[in-house]
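Following this line, the structures themselves.
Note that chain A is present in both complexes that follow, paired respectively with chain B and with chain C.
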Partner chain A sequence: MSKKHPWFLILATCLFLILIAAVSFAPLLTSYDPLAIRMDRVLQPPGSGHILGTDELGRDVFARLLYGGRVSLSVGAAAMFVSIVAGVVYGAISGLAGGKVDRLMMRVIDALLSIPSLLLMIGLQMVFPASLTTVILVISLTSWMPIARLIRTEILAMKQEVFIQASTVVGASTGQLLRRHMLPQCIPTITVLAISGISHAILAEATLSFLGIGIPPHEPSWGNMLMGAQSHLLAGAWWLAVFPGICITYTILVINFLGDKLQDRMAAPQFRKGRENERVSS
Partner chain B sequence: MGQFILKRLGESLLVLIIGSMLCFAFIRMLPGDPAAAMYGDQLQKLSEADRFRITENLGLNEPLPIQYGKWLGQVLQGEWGVSSISGEDAAIVVAKSLQPTFLLMFSAHFFVFTLAVFFGVTSGLCRRSLYDHAVTVISFIFMSIPPFWFALMLMVFFSVYLGVLPTSGMGEGGGQLRFILMPSLVLALSHAGYYIRLLRNHIAITKDTGFVFALKARGISEWTILKNHLLPNASIPLLSYTGMSLAVALAGSIVVETIFSWPGIGRLALKSALAHDYPVLLAVILLSMVFVITVNLLVDLICAWIDPRLRSQLLEEGRR
Partner chain C sequence: MNGCLLEVEQLTVSHHEKVIVSNVTFSVQKETVTALIGESGSGKSLTARALIDLLPENVAITSGSVRFLGEHVLSMNSSRKRQYRGKETGIVFQDTWQTFDPLRTIGHHFLELFAAHTPLSKKEAKEEAVKLLRQVKMHDPERVFRSFPHELSGGMRQRVQLALAIALNPPLLIADEPTTALDLQIQFDILSLMKEWQQQSGSSVLFITHDLGVAAEMADEVIVMSNGEVVECSPAGKLFTEPESTQAKQLLADYRLLSNPVETVKQSDGKPIMKIEHVTKRYVRKKWFTKEITSAVQDVSLYIAAGESVGLIGESGGGKSTLSRLMLQLEPCTSGKVAWMGNQTLRRGVQWVHQDPLASFDPRWTIEKIVGEGYDYWKKGQEGKSEQVLSVLQKVGLSPSVRFLYPHELSGGMRQRAALARALLVEPELIVLDEPFANLDMSSQANMISLIQSLNKKEQLAILFITHDIRAAMALCQRIYVMEKGSIVEESAADELILTKNPYTKQLLSCMPGFEVGKRNKNKTAKVVAYV
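Now for the complex of A and B:
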């Protein structure tokens, strides 16, 4: 059913667009400044005036959620972009080179993957000064490896295909092969990877900020808000912890859902038709 | 098999060497000059010649490959530096917190396997039923909940609202069970979804294959087929996935241990990073790397021993 009419894909896209719209039009949805400190309105529960209450410095939680979403989503998108570029370049080089170079390059990836990613992030975070750029860099430096592996596998498989061999015989250079034939064939894979990459990066950013080594504390981000909430949680200020968590979960759920449905769609026969025909006729 | 073992051993050794080079590069990238770290403000008062002599004595003027060789020699001999917080040997500090982490990993994986075998097998057997969809959706939701938030919510519910479970620490003796329940549950539930999906897909595919059909035709009961054929068959993907996701589980334990103040290596890593205690941080990184590589090697060897098809497949891949 879902193969013919991509209802779930449309639903997932809509849910994602709602999220983007909410953080983009943040100033229209709330009149509060996410950074304004009001010591006379500290730790107010959700209700009149402040829809989702205020935090320990009297800042409006709803406003901080919306503006924090901007930070979380843009960090996620930027980190995903950097890691995709790095992964595709590395994977393509490794796959094209083949032989000893390829094997060595894959062992480097094995070595990087054998260090728990969060440990790697903590270590790298120590090397660079704390800032937004550092967080993006650290997340992308620790998440390009699986992408490179997949792209390399695709390129290796493609090298066996007759149409690639035919192009080589006709005299296509490696650059032409890559640009005209191999990379366009990788686009479905890259799209799915990009979407799961965003959710991975958002989770990584939230985790780092929650542990106190991510986004600098003065910037609102969902992870930062949760870190701040920890000390007031036992005193009963549940709204500080519940809402940022729901935002992260919603975002990751929607993005994973979108990625999953997109992957199904791309595995569907009508999408693969062109590629299958090529294989059969050649 | 011999050829396979040799090839796999060589690979792991190469990965270890590359990993140690990365660790060495990491030390060199750390901010601060080692000479300044040793002499502090005194360094400014020394003459140019003295300063040169100090860096020379520390071996910092030698070419990088030689420095790497010396460093590797020290690491292999067990000289891992001294913790800048406690002044103890870094290796000893790390060794002390290994046991709690193993305990946590063990109990988390116990939950994961129990959940995965139950839900994965049942939903794989009744594929496309309402129950199967429900399991898929629920495991999808649990895969998307950030573990640290889930931990906070459990804490609020069980420790603050109900007041039945402790929020932090490890406890002693028989009381440990109450302390380990929440951390391992958080760790387990954030990973269980992947295992459930893996098992479900594997069971759903193998139950429609020819050999199962042949067994049914001979009148063997569904339960016997499941017990003697489907489950052993599913153990290989389960085992190899456990090996592959070990690094992920260790990363998860950093978060969980920090939240629940569990005295393991995850919390130690974060604590030493925040206190700029680099020898300890490096010891944790090195140890977990060696551990992950070794376990993966063992898992691959066991899988190849159980399933000869994997062996030839992997050897074939190497030749290409």
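Now for the complex of A and C:
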């Protein structure tokens, strides 16, 4: 069987890199300041000097999109990272400990999960001042629980696996078992969780900003651009909503494609596509 | 002879360009049992699947013909083919798990079969199904009818499979290693059921197996396959007395190695290294208000001396594996004591080879990493690790190139060797082999037995060999413990086991396939008994 060329992976990676590059080199791509207010150029449609038009305060939409992408992507990545770390650590401890400790730790998660996450986010935002760090913390604080639960289940099931017992017999300690066998087995799960975590975080940031409690309104982010757009949509300023919307959709799609391909790479050797599953006879 | 039921001519099966089965020609006569034997990977199962034109994806019949009562199977149209597969052939697979729909009851499987091929009403179909289940000696067939596949044991599922296969009284029953995964007692039951049905109905059976003992027990005609080719086709009596091909001779030699007790020193003079005293293990399952207690191991005492090979036999579910886990201290005992070398901690000193080597390897690791794992825990530093790994691999007879492969890329026999290599690397004094041959064909079993014997002799390695296969235990061990329902019922030297008075041991012995070869056709193969 000929190995299928991973063009899809390359395409997804390219699209992702384009996104990152566009956001990082924002000053090179546009000469406009995303914060500069020009009351003489309010709500200009795309074209006329501004590629994607201007908003209700005359700010360049393209510039705001690029700079806003920085916020959205960093919120996505950071919130995902924090919640994965918290979830894996909590889940691993709970799964390894088992018994009463496990039960107690899971009930804590149940309790936290029973609070609607949006409500929790809004509540936390009330207490802490609005800033990038707060948004990241708030999003990760509300999204690590399902991760912890999944990891705990995996570890719990894996404790019964024969190869874990076999390693115990060869002499591995609990720490070594966790580091060398259990966590690597969880990598596919963690990849999937990380991917959906990024998407979730970007959307959550958009939601928060849309509700007006996320990133401070003057700073651009895809979410608060969308929020700003709603009052002008009826007036016919479609470009204010459409372009941030496209950006969010594009990012999440690209990340999901990438995750899908990565997951295949991370899978245990026998499940990898393309690798010849041929047995060697003696 | 009563004429041909199935004729296979020049059958060639290929996977892409690679020929797997080439130019196979044989026939199955009416009212006979034909055995198809050979090592695993010799193309037996694919041949059988080709007979009903049910090959896996990417595998195709490239030339040759299959004729069933004169009719070409391969050129049947699809509805005729369905009828042929369903009504005129019955199939029993080795795997009793994947052949059932886990969401449907056993009864549903029967009803579906009758609905597809007979005009029976639902009620009649149920009666018929219960009758069939009774015919395969199920206790309480009504309950089985209502059960889901997971509620039955492996042996019971195999009986249900047999009942399903013979439900429409097909002229041909194809049985693909139907008893390989089962213990000897159940194997014996299933084989006798099959024989009984075959004789009553006058049908033919094509029996695929790697076990010469089973073939000897069942077959009138034997076809030997090797590397995708038929190397010998002869009546059973002849094959066991004067085999012609080298492959058949090799199989016979392997079989004899397995079935004959070795002449070893009867008692080793070493001191006991592992001592188990009055060990009991109970599992408690708490329900809402009640406790369900199952005793897996009851008051077991045994010892293993340095350099000794000890067998532990008994049927599946008898607590053997639980006992091994207790010895390895993977689980605590409910009461009693496991003492290692007086009172030392036992890690490293006792190693383990599990019945399913694939499950006992981390699927993400290469063989080198797996085998070398013990080195990371017991030796300081990494220098010398790869040489050490190479030398154990050599010791178990694996080529050095194997170390770059992943476990799933090895064959069953090689995996088991790798598992043994991992255990040997940390230089243990005792190795616990838990059903190490359960998934191996007869030739690999014979190879493993000689390997383990030589290790036992050369390295003064003590061995605890846990198995349901009384043949293998007698071939490998000096002393044998017999375990029934969690307790040890007999202890005996291997070569004296045959003279046992214990009823349970006697029963185990009588289930040994080929133990009384040709009981069925005594006149025809009287010689075989003497020979094998």
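Following the convention adopted for this analysis, the second predicted complex is superposed on the first by the 244 of 282 C-alpha atoms of A that agree within 3 Å, B and C clash if a C-alpha of one lies under 4 Å from a C-alpha of the other, contacts with A are read in each partner's own complex, and residues count from 1 in each chain.
One rule holds in what follows: contacts are C-beta pairs under 8 Å (C-beta built on N, C-alpha and C of every residue); 3 or more make two chains touch, one makes a residue touch a chain.
Note that the coordinates shown come from a computational prediction; the quantities given were computed from them, not determined experimentally.
Asker: According to the contact criterion defined above, which of chain B and chain C contacts more residues of chain A?
Answerer: The partner making contact with more of chain A's residues is B.
Asker: Give one of first, second, both or neither to describe whether A:Leu234 is in contact with chain B, with chain C, with both, or with none.
Answerer: first
Asker: Thinking of the overlay built on chain A, is A:Ser31 touched by chain B (first), by chain C (second), by both, or by neither?
Answerer: neither
Asker: Considering only the touch criterion stated at the top, classify A:Val162 as touching first (chain B), second (chain C), both, or neither.
Answerer: After superposition on chain A, A:Val162 lies in contact with chain C alone.
Asker: May I ask you to decide whether A:Thr207 touches chain B, chain C, both, or neither, giving the answer as first, second, both or neither?
Answerer: Touch status of A:Thr207: first partner only.
Asker: Answer with first, second, both or neither: which of chain B and chain C does A:Ile252 touch in the superposed model?
Answerer: After superposition on chain A, A:Ile252 lies in contact with chain B alone.
Asker: Between chain B and chain C, which residues of chain A are contacted by each of them?
Answerer: No residue sits in both footprints.
Asker: Can you list the chain A residues touching chain B in their complex?
Answerer: 103-104, 107-108, 110-120, 122-123, 125-127, 156, 199, 203, 206-207, 210-213, 226, 229-230, 233-234, 236, 238, 241-242, 244-245, 248-249, 252-253, 256-257, 260
Asker: Report the residues of chain C in contact with chain A in the complex, numbered from low to high.
Answerer: It is residues 16, 41, 325, 328, 330, 347-348, 350-352, 354, 356, 359-364, 373-374, 376-378, 398, 402, 405-406, 408-411, 413-414, 419, 422-423, 426 of chain C that touch chain A.
Asker: Which residues of chain A touch chain C in the complex?
Answerer: So the residues of chain A in touch with chain C come to 1, 161-163, 165-173, 176, 180-181, 184-185, 268-270, 277-282.
Asker: So in the complex, which bits of chain B are touching chain A?
Answerer: It is residues 11, 14-16, 18-19, 22, 26, 29-31, 140-141, 143-146, 148-149, 152-153, 155-156, 160, 167, 247-248, 250-252, 254-255, 258, 269-270, 273-274, 276, 278, 281, 284-285, 288-289, 292-293, 296, 318, 320 of chain B that touch chain A.
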